[in-house]
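Below: one structure, written as structure tokens.
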Amino acid sequence: MINFWGYSISETRSINYDKNDKAMTEYIAATVPSSKLCIGCGGCTAGCTAGNLTDFNIRKVQMLMKRGETKDAKEQLQKCMLCGKCMLVCPRGVETRKMILEMLNFIKTNQKLED
Amino acid sequence: MAKVIIIGGGPAGCEAAHQLANQGIEVELVEKSNETGGNLNNWYQLFPDRKYAKDLNAILKGHLEHPNIRLHLGMEPKKIEKSKTGKFNVPLTDGSLLEGDSLLVATGFKIFDARRKEEYGYGIYENVITSVELENMFYNHAITTAGGNTPKRVGIIHCVGSRDEKVCNYHCSKLCCITGVKQAIEIRELLPEAEIFCFYMDMRMFGPGYEEMYREAQEKYNIKFIRGRLSEAAENMQKQLQIKVEDTLVGKPLRMTLDMMILLVGMESSEGTRQTAGELGLNLAPNGFIQPQDPHYRNNFTNVEGVFVAGCGSAPMNLTDTLADARSAASCITAYVKNHKI
Amino acid sequence: MYYDHFVLPFTIGLITLLIYLCFKYYKWIKSFPREERKKIRKGLFSLQTIRSGWEIFRESLLHHKIFKTNPMLGYMHMTFAFGWFLLIVVGKIESMVYHTSAFNPPYFAIFFRYFHPANETFPYSETFAFLMDLILLFLLIGITLAITKRFYSRLFGMKKTTKQRAYDLLILTVLWLIFPVRFLAESFTSGLNGGGSFLTYNAGNFFGSFLPLEHLSYPAWWVYSSLLGLFFLLLPFSRYMHIPTEMVYIFLKNWGVKQGREYNGYSEIQVNACSRCGICINTCQLNSSCDINDIQPVYFLRRIRNHEPLSKQAENCLMCGRCEASCPVGINLNAIRQSQRPDTIRVVKDTYAYVPEPEVKRAKVAYFAGCMSHLTPGIIKSMQQIFEKAKVDYSFIDERAGICCGRPLALSGNWQAAQIVMDKNQEMIEASNADILVTSCPICYKTFKEDYTLKAQIMHHTEYIEMLIREGQLKVNNMDVKTVFHNPCELGRGSQIVHAPENVLKQVSYKITTVYDGKKSLCCGGSLANTAIDSGQKTKISGDTVKAYTAYHPDVIVTACPLCKKTLSKTSTEIPVKDIAELVAEA
């Protein structure tokens, strides 16, 4: 938000693909190749044990991640219980559980680097 | 006179028999059930023109009354052999022996066993039925739940047994999308008050008039389409189904109670296809269907000389394509027997 | 005084080794958590100590467990271990009988033939000479087998033998040389001075016929002593560290010391107790189905020992426990592997705070289906039918808003996050106020038993059904179906539940006996514990497992786990896969 004499102008609501940092996108594509297979059917999210109780949406988190939108990923992924149900329904055989673990790994390593 | 053995009396087998007979070729048509028509016998109306399946079936059957065609109903090949001279020997279950110069595999497809998708509850919950069972309800002009009630909300689930790594079927069965649209319209005609939903991953409207039918379903028949794959279903005390999908276009999980759930079951290669392929040494594609020599120009040829394939033995296809494929196979076989001076 | 300079390498090697071992074991044991150390003090003067002695004799010397898995391999290990042991013991007795004193330097017995070449008259001297020759022959046969195994492992029924590295090969060569050199030294001495028995005496005469023994005999003793000394010096840094460490481990194990979540000195002892026999390579389905050959415990423990990078190998394991069940040393392979998986999820105050206050109906029996069972409604529906048939007052506690049991988090190494989920879940279970907690999922079952502190009695549904039948609350009929039983890893090997499911299955069907019964069951391949392999590889394992069961031509493949059921159904297109609860509900 940019404060402009008492008025605030929202940052653009669109995905700025040119500007977004795609380091995590590349990391996940390399470490979890099956993540590329997602067709966004939402099966994972529909049955999600954590998604049943919160706004956690694993399909959305990984879709946003693929566009370089990783700001909320950390907070969202903390909600996952790693039960693996998503993996069991995925019609594309995406290793969703591994993908989540690797995203968490990436966030943790990068945070260490920043600190 | 040259002689061709056709294994399978579905639409492809019937149409090819007719075309070959017209070319002056003798045909031995082997069908395991007691009538021809194959899976067509299980359908009520066809997409996109809503023609009655039995009418088309009657035409195909009528064509078989030809002096060059010998029909072997209720019979299965005990084995299929190609001799050193290139002839095909097929002993049948009744003890007779067929001998032909060429062989056409028209063994078709089988319907995916929905019980393998356990989370959808087919065979466990009484109000989960398959699209094939729904066709039977259309025949009787009555759609009721197992308890005898008129369903107020019906859900049609796309891609059951197709495009699913979890049942080792990676392929698209092609026809379920349009079948779902057609069936939704037919349900609407019988249940004017009901809410009807289609749950899809992609709407694949590949044929002429299909996209228009999809549009019509939305516009005229008020069918609602939700983009999301069913993850699991549970049953409540009223024997209704509580389903979990994600409404992916909204981006939120969606809970819904249905009175009836219809599974659009996909197509797999039939036992007959696999068995025939095994005995003749035909190559199978990874999806289990017979691998044609070339997907464009030699799509009716197999890796074994003299063995041809037509219809859903080589891939899921609609009736239009199946019949065209049968004619194409017939023309290839005609050329084959002529070139070999049989 | 019996002394010659050549005994020095042996003596120095032996003393250095003993000092090193004392130092190491002290350090490791010191790092145990206090309650584990307490167990040592308690156990030291208990019957367990005697039991351990017997186990050491049976396992470290006779290698009875290896014998059971592979007689040829067992024989090889036995000739080595037991043979060497006898050589030392009989040699020592011989030296004591000769010396008529219990006290003589340790090297005296070892080099007895050098100091007393000829059969001097002392009681039973010829019997001793005969025995010593016999044992030596026994050892030499063992070495021949070991060499053969290295080059033709298939003769031993092993598809693969452990791959060794340069250092290991060096000490292996030293070990292989020790006994042939002893044989030569004794033979040469015998050839010069007489003495020995059927082996060394005859060999001595033979060698003497064409070799200048007077120049060879003394150097041979030097070589023999040097080889021994070198072996002792190399031992702590080689796999032969397992010889002393396995004995220490057997004591600790029998005193009740447990491998916890953390990697500590006890884990170090186990890592060093691995003899690298390679049995785990052959039982591992990642090897047989996916041709993955660098993650098996023998290699994994070696990586830990050598401080090599192992994060990839740590993840690439199904944790099916087949290796653990077949490990002749009984190392806690799963727990050690799990301890090497990093705890990545940062835990803060509001981690999983979204889990609501439990709202469950109170009942005598709480039924917890588990996350996965919601994907196999056949199991849930059958359990509900069984509860109703047996008129049980039950509450389906995770019907709507259940959460995960926490074990999947723990399996990935995230113990902290797992603990929070476990605490929340425990609250929900306690809220039901049930006396019995029944679960359909072996993964949940294992963690309920091991990581929760529940008031309720915890039962897997196979145990519960068995109890209902036994107590007459549930009547079942024997159906005319042939079944094979796939015991889920977490149930059979993981939680020792073997008899309950088999008893139930025998009462409702004709159960075919298979080689995979009980704790020998295969893994379905669907394990959550492995995040390294992809779905294609999991499918391959599932397919191979189904093939193994299909060979018995059953009508139904029966299991007792939603995850196994889903995984096996994926590839079993001809034969239906059912849960035992479904069969019982039908019967």
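Think of it as A, B and C in the order they're written, each chain with its own count starting at 1.
Simple rule for what comes next: a contact is a pair of C-beta atoms (placed from the backbone, for glycine too) under 8 Å apart; a residue touches a chain by one contact, two chains touch by 3 or more.
Since the model is a prediction, treat every value here as computed from it, not as a measurement.
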| item | value |
| --- | --- |
| Far-end chain from chain B, centres as C-alpha averages | C |
| Pair sharing more residue contacts (C-beta pairs) when A-C is set against B-C | A-C |
| Centre-of-Cα separation between chain C and chain A, whole angstrom | 40 |
| Distance from the mean Cα position of chain C to that of chain B, given in whole angstrom | 52 |
| Per-residue multi-chain contacts in chain A, two or more chains | 47, 52, 88-89, 93 |
| For chain B, residues contacting two or more additional chains | 119, 165-166, 232 |
| Per-residue multi-chain contacts in chain C, two or more chains | 374-375, 535, 566 |
| Chain A residues touching chain C - in the complex, by the definition given at the top | 33-34, 47, 49-50, 52-54, 78-79, 81-85, 87-89, 93, 95, 97-98, 101, 104-105, 108 |
| Residue numbers on chain C that touch chain B, as the complex places them | 374-378, 381, 535, 539, 565-566, 569-571, 573, 576 |
| Partner chain A, residues of chain C touching it in the complex | 344-346, 348, 351-352, 354-356, 371-372, 374-375, 401-404, 406, 408-409, 412, 414, 417, 421, 526, 528, 531-532, 534-536, 563, 566 |
| Chain B to chain A touching residues, read off their complex | 119, 159, 163-166, 201-202, 227-232, 244-248, 251-254 |
| Footprint of chain B on chain A - complex, ascending | 39-48, 51-52, 57, 59-60, 88-93 |
